[in-house]
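Have a look at these structures, which come just after this line.
You will see two complexes here that share subunit A, one where it goes with subunit B and one where it goes with subunit C.
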Partner chain A sequence: MHGVKRYNHSRELLEQKRQQDKQRIVNYRALTAQTLDARDAQIYTAQSLELTTSLLSTNPEFNTVWNYRRDILEALHPGARPSSEAFPEDELEFTMAQLKRFPKVYWIWNHRVWVLMYFCRDNAAVWRRELAIVDKLLSMDARNYHGWHYRRQVVAQIERIEQRSLDRSELEYVTQVINRNISNYSAWHQRVQLVTRLFQFKELPAEEMHTLLRGEVDYITNALYTDADDQSVWFYIKWFITNDVVKTTLPSDEYAKMLRGLRDNVVLINEDDVEFSGSDNNWCLKMLIVIEGALKDAGVESNAEYSKVAAEYLNKLITADPDRMNRYKHLLGSE
Partner chain B sequence: MSELQLLKEKHIQYIKSLDSKTNDLEYWLSEHLRLNGVYWGLTALCILKSKDTFTKDDVIGFVMSCWDPKHSGFGPFPRHDSHLLSTLSAIQILATYDSLDSLNTDGKLEKCVEFITGNQQADGSFQGDRFGEIDTRFSYTALNALSILGKLTPKIVDPAVEYILKCYNFDGGFGLCPGAESHAAQAFTCLGALKIVNRLDALTPSQIEETGWWLCERQLPEGGLNGRPSKLPDVCYSWWVLSSLSIIGKLDWINFDSLRKFILEAQDNVKGGIADRPDNEVDVYHTIFGLAGLSLMGFYELDPIDPTYCMPTSVTKTFKQYPY
Partner chain C sequence: MLSPERRTSMAERRPSFANFAGSHNQIDTMMIPHLAGIEDPLPESTPETVDVLIAGTGLVESVLAAALAWQGSNVLHVDCNDYYGDSSATLTVDQIKLWVNRVNSNSIPSYSNAKLYVSTSIGSDRRYASRDFGIDLSPKILFAKSDLLSILVKSRVHQYLEFQPLSSFHTFENDCFEKLTNTKQDIFTDQNLSLMTKRNLMRFLKFVLNWEQMPDVWGPYRDKSITQFLFDKFKLDKPQVFELVFSIGLCSNIETKVPLALQRIRRYLTSFDVYGPFPVLYSKYGGAGEVSQGFCRSAAVAGATYKLNEKIYSYNPTTQVATFSDGSKVTVTEKVIVSPTQAPEGSQHIPEQKYQVNRMACLVEKDCNEWFTEGESASVVVFPPGSLKSGNKEVVQTLILGAGSDCCPQGTSIWYLSTIEKGSRAEMDLDAALEALEASLLRESSTEITQNDDIVQISDDGRPIINSVRLGQSFKEYMPRESIQHLMKLSYTQFTSTPPFDVVNPALFDNDALNNRANSDRKFIPNASDNGVLYTAMPSSEISYDEVVTAAKVLYEKIVGSDDDFFDVDFEDEENEMQNGPGPVPNNISYENAIDDDDEDADMGMQGDDSAEFVGKMEI
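On to the complex of A and B.
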């Protein structure tokens, strides 16, 4: 159970619940037995489909019943046409109603994917509609792990059918999401995937790639000034300054200039924090080590220079961030 | 205020009470997790050095009643369809009771291995059952079960490893499939799977450093661990994060004392059991993972737990080490 408050029920309340449960248990177990009997008898009819609807409405976690439901659907609609224009609206409505009540139940998400793949996998229109739906779901529950996974699955299907990449429009989407809430790590994660793919598959002309990367530097610098305590931005920056895409696309002098600029900003933000709260910003220190390391790897700084400043920051972190002190000690030892 | 204590006896009583809750609707609504629940309960009892609280023959009888003759493998409850998740629980329970020979009748062992390997896809991934859900949870489940049965082969392992490596992310974490966001539970399944097949060396030392960094940043100021950045702490991550750190040899990269405090505060002082966080309702899932976390950190003289298998080390030390 996640996030369910503990109540210490009185004896009377418990007794009341027991009484209520009594009839519910009888009904639930009867419905379960009836459904599994129908399954064993291989009854694949509209009536048996209805049984699974009742049971799954009460208990969406009953995966065996989802399985039976799929067997029924296959029997009722043998050889569904993959490019069908008739969408399985009943099934989609049912799963959507379930998802609204239980947004974290794996089986429901999977069933929806299965339905779409079985009935109309080659119809772009249905997947386009799914994309709009998942937009809405993610606007209500912006970190839903299943929702983001579902979005990637939907996008992949549209790309397969339409034979074109959606990376640029998806990048616009994650930018909007991040602008709404800078701490949305799911969106930052997706940003890494998209930027990487844009470069990997050379989806932009060379000049635009440069523009995009320069834009990213401004974007992350702004993000830092918005919330310097948020892990999401820092993990993105760590990736941005150390990954091959950026290192090989930017000319080396520009890459070094970018690193120095970033370092200046991080130092500034940290100084602000020291002035304001009297102590260093841990993430600033952690990232300064990464930036110095990148400068060393780029041949801008010597090993000795790097070791000296890194040791300085690590020693600070041992006291500033004691929960993780053993990591810093380990890094000091391996310098 | 007196110092927080681990309520060992209360937790034993709580776990013991679970099977007598047939008057609660929730008992019936959670049939789909029953075999997993038995595994969690039994493992928790082992950690508490109270394995005999359950009656061995009854438990084994229940496990065998979950065999799915139509698809092979084990369902989570009699008459339920088999799934990799419940199949692993069944095998773990049998192994814990040193009773894997229960699979020797009617060719169950061979059928079980066939069910597991039959769910592997061309790209090395595993689906949970015949309906195609792919998840690195199932890679772990499959490799763990096959390892306990001593049935790993390069034909299964090599593509499985290749797939898991594709799930390694820019931040050092792992996702449920390639391109999916890092999640601490997926870090456990991926690292655990690699460890089981003795292929942690497929990750470079610097990749492992990144993994350790991402994992240790899961600890929040209140001591608890979260599963993803900017999420609330939850006792179950005491296992998913800590076991992962342990597998890569960086267990001490978090603060033990504050995590211990967080776990103890999530105990129900009246009826026993551990919740996801303080003041929430307890369940057997958070009870085992809270206890397992405490065991990994070496507190309270609990029975040692194997970070890779989440089973007592006294059991896992008997497993055949791959490559055979």
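On to the complex of A and C.
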């Protein structure tokens, strides 16, 4: 039977790998010793840079060696002023090669930022190029939060140099990404950042902000109906209805109307789930409690009303979500 | 050349010495093996004894030949035609003419009622040459997640072929063609769907990906029709139901039973995003014909002998000697496999073929680019039951190929239409579908005239002036487009023993005619020329390649005893990964982690999209 054949083949391969690994471990330990010795002796030369290159190519998470590498770079390029024309192309190539192999290692990202800040901090063209690189990366993997964090850093630099805010175009970008796939926590998170900033720095006239938020309500309702099991959508909705941006921008009657509208939709969705599968949608139940709380805080509902409704949903949750039973019981107790 | 001017072969298109310096692409340095009757001459003689004799180089037979040859069997593979492919062949216009004559003189079993019109624009010294066109007798599309694709990769036959993506599926409803909404992105961004429809549709899509694990949902509807199931349980509306059943599921009518339909719908969805944003591929230069040829080449490399122009005359199961019509003989120690189209005179054992497929192939003098997604040259258009003027009870499925598929020259396209409807009703349905396609194309052209600003201008006092000279010119250009020029129109009926759309699930095979066929090779009818012969099934109405591997495997098992080592090949540097993941990115055992080889950190490297984030559920 060919199944058996394959398995043996693989076991042989593993044995082979073990033997090769033994040698690699010896080599690795030697390289580490050599590099750290050089660091202790404060040797900052092109050769010691090479040492760190080899070591970091094998183990990019070795932060000590990244620090050593930065010391070497500083020593080799002393006084590289932020506005200098010296372009660290080699260094950027190195980090890019590493990122392609390990796109989720913090230290590589940090090093790239450090290189850019050290060598070309005020060069707008360089940061624009970085933005294009992040665009490409996010188009291949839209959920890599390292990518999104890096994007924020890059955008911040561009904004600093060009003295203007990119929030509006960033909002358009993040909308495109979410449209492609609403199950993207990082993208929704970015949206939170942007909406908050637009408000905080008063980047939009009041009327426009108002329109934007009304549009948001439709947007999240659409997302809700498209996938009521997606936690990133729920988290965004929770932020949206309880944060200050919305509460301050929308007049109180509109805010209350929005909450009630949302509540109706959530109830509808939950009933639909009950009809189809026989059980409640836990997200719906939790959100209903949040909505009630928001209505209470807005002064639209009494404390008594809130407690009654919240208790009802918490009891439902105890049966529907037994894994978190004790939490719900605890919440019930503190009502 | 054997046949009237044949099409260029893959080996001729891709010279084997294309070996560029620094080329890292394996394909450039690979040699396409030569095949007797194409690049190599036909053998003078054939072996005296073989294990298996196969007559007919259609899809199933070619896959079988390659599987047997690689397993070590001594195979003689013959075909009575002077071309490869048999019922799946890709033919030039001249070859089609000859084929039609043979069908109408009853020389090709399983086909009848062939009609042909060829315009005078095709011919030597005319605008188009006969060999500029490659017409498939059995047009097919390949799902990205399918057993044939796995076999193509495993056997490396894919290296003898070129595939292009096809993402354009259209449903014809209310006289217009709608593009599908079948991804979460489509559904989310669609302004025309109500919120509840979005929810219902998404719920169904999530369900269908895992439907077998949820019998409590579909169990009660096991014997009901899929349309009823979708209306009742998922509360979907007719447009969504028809799209799911007929364009995504490619089912034939509204009575299709639930389990079968769910399987077919899922096939489409799981094929989406395997290699890119498309579910299906088609083969350039000619579909099934190229694929059959590819497997024949592979079989030849593995040692099979090929001979065209060789027709089986009789087989004697006692002496195990097969005789050909040219008098030559061969002893066959294991089995004789014959396609019904190659059956000898006096055959008595051809299985009953009570189902039929009616097909039409049109060569049209229009490029049809408006129907293709950018970068692609093909699309599928489905006419659901009741959508045509003829009131069709069965679906009409059409496949449109543009010049980019290299099956036809620039400015032309090939339209394939098929239906399982019978007789004159079938003709009416196919003609109605053809008319609908033409009408739609004409509508697209006619809008051009109204957008011509030079014709209507506004004078100084606000009155519109018609520039009559310009208008006249435009009409001159416009007039010829009022009718679509047919360069060729071919229609025929093909018979088969495979029930329509009864594919995909191998377990279904046990219940149907195949068992009867198996028994028939033990029945002895005196004076029959084909006692002891095992017949293959003719292609069915199925537009995908789905039935092919199953059929080949069943035959393989009958010959070899079990299908465990069916294509169990291991070409030198072949990796063991192909079963599960998407194609070209191999999942090498990682040598990077030198510290601890149990530590399988899936985050190393850019392979796959395993985000560590706990976001949402499965992708649609």
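We take it that the second predicted complex is superposed on the first by the 283 of 335 C-alpha atoms of A that agree within 3 Å, B and C clash if a C-alpha of one lies under 4 Å from a C-alpha of the other, contacts with A are read in each partner's own complex, and residues count from 1 in each chain.
What we mean here is this: a contact is a pair of C-beta atoms (placed from the backbone, for glycine too) under 8 Å apart; a residue touches a chain by one contact, two chains touch by 3 or more.
Quick caveat: nothing in here was measured; it's all calculated off a predicted structure.
Touch criterion met: A:143 reaches subunit B and subunit C at once. By the document's definition of touching, of the two partners only subunit C reaches A:276; subunit B does not.
Residue contacts after overlaying the shared chain place A:101 against subunit C, while subunit B stays out of touching range. In the superposition on chain A, A:314 makes contact with neither subunit B nor subunit C. After overlaying the two complexes on the shared chain, residue contacts for A:192 are found with subunit B alone; subunit C is out of touch. Residue contacts after overlaying the shared chain place A:131 against neither subunit B nor subunit C.
With both structures placed on the common chain, the touch criterion links A:239 to subunit B but leaves subunit C unconnected.
Contacts of A:72 after superposition on the shared chain: neither subunit B nor subunit C is touched.
In the superposition on chain A, A:221 makes contact with subunit C only, not with subunit B.
1-2, 6, 17-18, 21, 24-25, 28, 58, 143, 145, 183-186, 230-232 are the residues of subunit A that lie in the contact sets of both subunit B and subunit C, per the superposition on chain A. On the subunit C side of its complex with subunit A, the touching residues are 184-185, 187-189, 195-196, 198-199, 202-203, 233, 564-565, 568, 576, 589, 591-592, 594-595, 597, 603-606, 609, 611-617, 619.
Those residues of subunit A lying in contact with subunit B across their complex are 1-8, 17-18, 21-22, 24-25, 28-29, 32, 36, 58-59, 61-64, 66-67, 70, 106, 110, 114, 117, 143, 145, 148-149, 152, 183-186, 189-190, 192-193, 196, 230-232, 235, 238-239, 243, 322-324, 326-327, 330. Of all the residues in subunit A, the ones that touch subunit C in their complex are 1-2, 6, 9-10, 13-14, 17-18, 20-21, 24-25, 28, 58, 100-104, 140-141, 143-145, 179-186, 221-223, 225-232, 269, 272, 276.
For subunit B in complex with subunit A, the touching residues are 23-25, 28-33, 75, 79-81, 83, 129-133, 169-171, 176-177, 179-183, 212-214, 216-217, 219, 221, 228-231, 234, 250, 252-255, 258, 268, 270, 275-276, 279-283, 285-286.
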